[in-house]
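Some structures are shown below for you to check.
Note that chain A is present in both complexes that follow, paired respectively with chain B and with chain C.
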Partner chain A sequence: MSMLHTVNKSPFNSDGLSSCLQCALAGSSVLLIEDGVYAARRGTQYEALVQEALKDKKIYALQPDLEARGVKSNLIDGIELVDYAGFVDLTTDHDSVQAWL
Partner chain B sequence: MEFGILVNEGPYQHQAADSAYLFAKAALEKGHKIYRIFFYHDGVNNGTRLTTPPQDDRNIVERWSQLAEEHDIDMVICVAAAQRRGIVDPEEMKRNGKDADNIAPGFRISGLGQLIEAGIKADRLVVFGD
Partner chain C sequence: MSDEQVTKKFLYVNRKAPYGTIYALESLEVVLIGAAFEQDVSLAFIGDGVYQLTKGQDTKGIGVKNFSPTYRALGEYDIQKIYVEKESLEARGLTLDDLQHLVYEDEDDDWAEKDAIKLVSAKELGEIMEQQDVVLSF
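Up next, the complex of A and B:
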């Protein structure tokens, strides 16, 4: 059973991402959307958390939401970018989807 | 695959209504089906036909109505959330003694059972909110 987790809050104003990463099992995936994409940036205090998660989980970020916020550059290596079509594919490639609202 | 989509936030408030719409559109473009879109909490505000956004802004409500018409999607508004927020169809208008209704084309008002059913019948339930 693999699960796709979606995180839509910035780690700077919500503990959604850290709660998600505490619960997400190895082999699962996390998709950063909306303000959640701020966690994809290099050099923030949350980079270590994301780097740790990347060891046994896949992390994706929604490209249109990165672009809307002007944070398309300087992203943590290993994070894969997807568009909405890629978002749809992620939901079908995993057995279930959990939104961390 | 068949998708159920849950929208928990109103239009022009958070990004949830936009994200949900763009996800639904992308899923349909890929040939998937949408079993139902359920609007809950402030999400019921996606279903009032009385909104008049500026002409250069997206019309979130109209966009839902068009999507539902083009793809024959069942869009359900939670009745209890709708009553609290003044989203009314002709039947609710009569039942609650109101002088008007405001539900947008393509939406219908029903109960939470419709969300549970979508969770059971759809292959994936994807949730958008804040």
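Up next, the complex of A and C:
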């Protein structure tokens, strides 16, 4: 069944996002939180990786973390924004959660 | 002991994004201390450190203090040299327009307001590092 993956590190400082996207199966979901949200922005070196993942996975980003970092605009199309309540809904809607710390 | 003021060149190198870790805030506190002792202070932002300077940061949603307005006070401490490494900006899809506008008043030019942020290459930053008495890395 489907899994929720959370990524909380900047893609520039950790291979968490890359490893996550290599392992995550089609139909699973990835939630970007904390410094992980930098990967949601357009124009970064990691945009192609994220675009590729969006073809068969859902990608979410935690809006309060985007706002805190001043990067809530210019996001990659197809990434859905969630608040903390949405974060909770995602964890209950999936069978399990894998945190890529 | 001499009363003579010793002035050294201090460079603070910032390499971490804000909020995810405590480094950015701790660096800022140390920078303000150094500036208060009237040292020759420069700041460098490289790698994820460039994210510290983004404008429009709003931390209400994460329950953490937004310390980004403090960067605008650096000019009041006569900090005139804020180096941003341009390849780091480009790799993150950012331009100077995405960063806060930081200024200082130039004593030698009738207190004209001038831009504190200077875009530099990694090589130029390396040269700046070599000119310092003290380099502190965060």
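Before moving on, here are some points about what is shown:
In this text, the second predicted complex is superposed on the first by the 101 of 101 C-alpha atoms of A that agree within 3 Å, B and C clash if a C-alpha of one lies under 4 Å from a C-alpha of the other, contacts with A are read in each partner's own complex, and residues count from 1 in each chain.
Here, a contact is a pair of C-beta atoms (placed from the backbone, for glycine too) under 8 Å apart; a residue touches a chain by one contact, two chains touch by 3 or more.
All values derive from a computational prediction rather than experimental measurement.
When the shared chain is aligned, chain B and chain C each come close enough to touch A:Glu34.
When both complexes are overlaid on chain A, the residue A:Ala85 reaches chain B alone and has no touch with chain C.
The partner of chain A that touches more of its residues, comparing chain B with chain C, is C. With both structures placed on the common chain, the touch criterion links A:Leu101 to chain B but leaves chain C unconnected. By the document's definition of touching, of the two partners only chain C reaches A:Thr44; chain B does not.
Residue contacts after overlaying the shared chain place A:Asp56 against neither chain B nor chain C.
When both complexes are overlaid on chain A, the residue A:Asp93 reaches neither chain B nor chain C. Once the two complexes are overlaid on chain A, the chain A residues touched by chain B in the first and by chain C in the second are 8, 34-35, 64-65, 83. Chain B makes touch with chain A in their complex at residues 1, 3, 8, 14-16, 19, 22-23, 25-27, 29-30, 32, 123-130. Chain contact summary for the complex, chain A toward chain B: residues 6, 8, 33-35, 64-65, 83-85, 87-89, 91-92, 96-97, 99, 101.
Interface of chain C with chain A (complex): residues 16-20, 47-48, 51, 54-62, 64, 66, 68, 91-94, 98.
On the chain A side of its complex with chain C, the touching residues are 8-10, 12-13, 34-35, 38, 41-45, 47, 63-65, 67-72, 74, 83.
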